[in-house]
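You will see two complexes here that share chain A, one where it goes with chain B and one where it goes with chain C.
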Partner chain A sequence: MREGIPGPHHVTHLGRFRFVLIFTGCLLFAFGLLLTPPIQSLDVQFSRTLVQVSHWLILACGGHASRDAAILRAPGGFGVEMRDGCNAVNVTILLWSAVLAFPASWKMKAVGLVVGSAVIQALNIVRFISLFYVGQYSLTWFDFAHIYLWESLLVLDTMVVFWFWVSRVVRLDAAACAPA
Partner chain B sequence: MPLPVPQLRPTTRFLVRGSTLLIGILALWWVSLRGPMLDLLHGAAGVFLQIRENPSGDWIVRVPFETLLPPTAKRPVAQQIHSINFEMPRSDASRFIFSLPVFWAIILAAPCARRNLWSLLIGTAIMAALEVALLLAFVDLAAYQAISHIQGDAGFRWGRQLGLYIVPDVLPYLLPFGVALSLHRELREQVFAVDTVMGRRARIS
Partner chain C sequence: MLLLALPLVALGAAPSFYGAAFIGSGGAATLYSVSSTGTATAIGPIGFRQVGAMDVSSGGTLYGIGLNGSGTSVLITINTTTGAGTLVAPVTGGGWGTGSPAQDISFRPSDGKLFAYQQGTIYTINTTTGAATPVGADGVGFPNGNGIAFSGSTLYYAGSNTLYTINQSTGAATSVAALTFPPAFGTLGPRSPAMKFDPATNTLWAIVFSGFGSPQTSLGTVNTTTGAVTFVGGTQVGIDGLSLAVAPPPTTSGVPTMSWPVLAGLALLLAGLGSLLAKQAQAL
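On to the complex of A and B.
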């Protein structure tokens, strides 16, 4: 290796540093933005929409529930409210920061942002509906599932969604670089 | 003739193993490890803070905080503050100890079993230290917030709110993944495709 030309190991460190820097910057910026009043009101609207979708899904599958703004109620009286942090916006921010920080084309980044967000939101609706039923069974296990289990599972899923997207980027890059 | 075992993709394998381990280990933590781990956190944080437990098991935290409150219309005499006491429900304190079982689940789900034990041991020590650091950071931020509220100081309110959101609600969920990716080379290389994309793109830029 000639002097002055960085080797692959050196280059990898540079790429990693760049990723961590952009990822942290995006994360702090987005979480900061999330706390501002205009975004908070959008966040509340978004939560209500998710509750509406969950309510519709429960009814479509033959379940029983009523809806009041962002609260889903069971016939027995138990109610679960989707508050800030329960609408998976925080894990979506995590995915967006990782996708934006990763070196890929803007087209692939757009695909990652849209498809990844859709997957996470679909999972979050499953989470919300499952919590609605767990809460009717036991409040202790509701706390466990709500605060610890589902939140950690969502972060794990976000990591896997990102990993899956990276492997797609690599495969498409390899196909584009392959000799004709 | 035996049926061929389907070969799962690394992403699917990690998702299945990680989810199963997360459910199992977190349930074990919730049922039997939470109490002893809270006691350990209490002991470790007790080196830096005064923590007492009330009869219901909630924590009473005393944070040393030297400040002079200037006189106001409501309080004509200046007041010297030496410390701030506040109550922390046991459930809130638990937020600072669940990262460890999450970390164990990620490491055990990661590829290459040889590396797992080393990462598990080092990572457990790092995670334990980070959990204490997060609790101390949260307590300091909460004390600073309380003093600012008494003083009517609106300066840097957004920053304080951001800190009080990120420290207890974001970092305990993120750190186990960050630490696992930092320590476990195979997992990191697979997730980020390190030698392919990141290296090539960095070279181009």
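On to the complex of A and C.
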């Protein structure tokens, strides 16, 4: 190997550092943006929309609930509120940062962003509705489900979504590079 | 003229209420705290006039409809600690009388939709924009009384001395029973200008006026089957509409997606997994 030309070992390390660098940069940028007043306003509106969707789903399935802004309330009085940090935007930002940092075509990145966001948000709505019902049944179970069960499931979900997307990217790249 | 609007704000065996009172047509309204026996204590000025209709949303916000300084019908929220009202929006559209307040309002428990009665017509009110959408005329005209209240999914309406149910799709009123008032309420045309249902005690509460100008004002309960009204006690003297509203219990929990330490942990996991996979992908 000639001096000055990086070998495979250097290339792979470069890929790792590049990923960590872009991932960290995206995280800092996105969370910084999330703290600005215009985005905060959109964030609140997004939370209300999620509660609206949850409310609609409950009614469509024959359940009973009333909605007031970002609060979903049971006829018995128990209510869950989608406050700042409850709408899975923070988790979505993590996934977006990872997808954007990973070496892939822009088309595949777009697919990862859209599908990944949809999966996380869908799961968050399931989480919100399930906590709404669990809380009516038992506040002890509500705390357990909220603090331990759903946090773990969301961590797992994000990792699996990212891993699955990377697998697709690698498979498509391999297929594209395969000799005819 | 003195008007009161009373929403129920605490659940339990002995509910308490808020009331908005004003004297004279267009008089400034004041928020009152009212006990389950009818005793009223002033909280503070609302800052709007003729607030004769109030109800508490499922989220615990006290809403009212009154008139602003220019005499325009407005939807407001009311601070239950100070009594101060905050403008939400003018109530307009759908034939709503923009120079008149509502006689009574009530939130539908199943979906939180706000229903209002104004001069013989039932409306729904958008609590963000104030837009009024007519449901329909009740077919009864515009008699005395005119309190409305949801009891579960049923909307009751007290028109003069008759208790009705309201069809929530057409606004049409159907007679349930004649309202019978014992002499304790007074004998000069007793009527119920405000009603609200308390699910905790399964009781339909009503304000009853007797007489005009400075009527005897009382708190009572209504039997929704027979129409018999039971006297509970005297309350703040008023002349026109009153309303009661049931407050939600304060059990509302936020549900953060994940705590910051877990979020940081997930970031590290993603960084680790991503860099590992990136290395493998480049090595291919």
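Quick note on the criterion: the second predicted complex is superposed on the first by the 172 of 180 C-alpha atoms of A that agree within 3 Å, B and C clash if a C-alpha of one lies under 4 Å from a C-alpha of the other, contacts with A are read in each partner's own complex, and residues count from 1 in each chain.
The rule is short, and it goes like this: contacts are C-beta pairs under 8 Å (C-beta built on N, C-alpha and C of every residue); 3 or more make two chains touch, one makes a residue touch a chain.
Because the structure is predicted, anything quoted here is derived from the model rather than measured.
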Practice item. Record, for the superposition on chain A, whether partners chain B and chain C clash or fit. Key: clash
Practice item. Mind working out whether A:Ala101 is in touch with chain B, chain C, both or neither, as first, second, both or neither? Key: second
Check your understanding: Is A:Gly15 in contact with chain B, with chain C, with both, or with neither (first, second, both, neither)?
Key -> both
Practice item. With both structures superposed, pick whichever of chain B and chain C touches the larger number of chain A residues. Key: C
Review point. Where does A:Pro75 make contact in the superposed view: on chain B (first), on chain C (second), on both, or on neither?
Key: second
Review point. For A:Val155, is the partner it touches chain B (first), chain C (second), both, or none of the two (neither)?
Key: both
Review point. Looking at the overlay, does A:Val170 come into contact with chain B only (first), chain C only (second), both, or neither?
Key: both
Exercise for review: Identify the partner contact of A:Asn87: answer first if only chain B is touched, second if only chain C is, both if each is, neither if none is.
Suggested key: second
Review point. A:Arg67 contacts which: chain B (first), chain C (second), both, neither?
Key: second
Check your understanding: Considering 22-30, 76-84 or 274-282, which region of chain C has C-alpha atoms that clash with chain B after the structures are aligned on chain A?
Key -> 274-282
Check your understanding: Do any residues of chain A touch both chain B and chain C, and if so, which are they?
Key -> 8, 11-12, 14-16, 18-19, 85, 90, 94, 102-103, 147, 151, 155, 159, 162-163, 166, 169-170, 173-174
Practice item. Sort out for me which residues of chain A touch chain B in the complex. Key: 6, 8, 11-12, 14-16, 18-19, 28, 31-32, 35-36, 85, 90, 94, 102-104, 143-144, 147-149, 151-153, 155-157, 159-160, 162-164, 166-167, 169-170, 173-174
**Study point:** chain A partner contacts - residues on chain C that touch it in the complex
**Key:** 11, 57-61, 107, 109-112, 199, 248-249, 251-259, 262-263, 265-267, 269-271, 273-284
Exercise for review: Would you pull the chain B residues touching chain A in the complex into a rising list?
Suggested key: 10-11, 14-15, 18-19, 22-23, 26-27, 30, 91, 95, 98, 102, 105-106, 158, 161-162, 165-166, 169-170, 173-174, 176-177, 190-203, 205
Check your understanding: Touching chain C in the complex: which residues of chain A?
Key -> 8, 11-20, 23-24, 27, 55, 59, 64, 66-69, 71, 73, 75, 77-83, 85-88, 90-91, 94-95, 97-98, 101-103, 124, 127-128, 131, 135, 142, 146-147, 151, 154-155, 158-159, 162-163, 166, 169-170, 173-174, 177
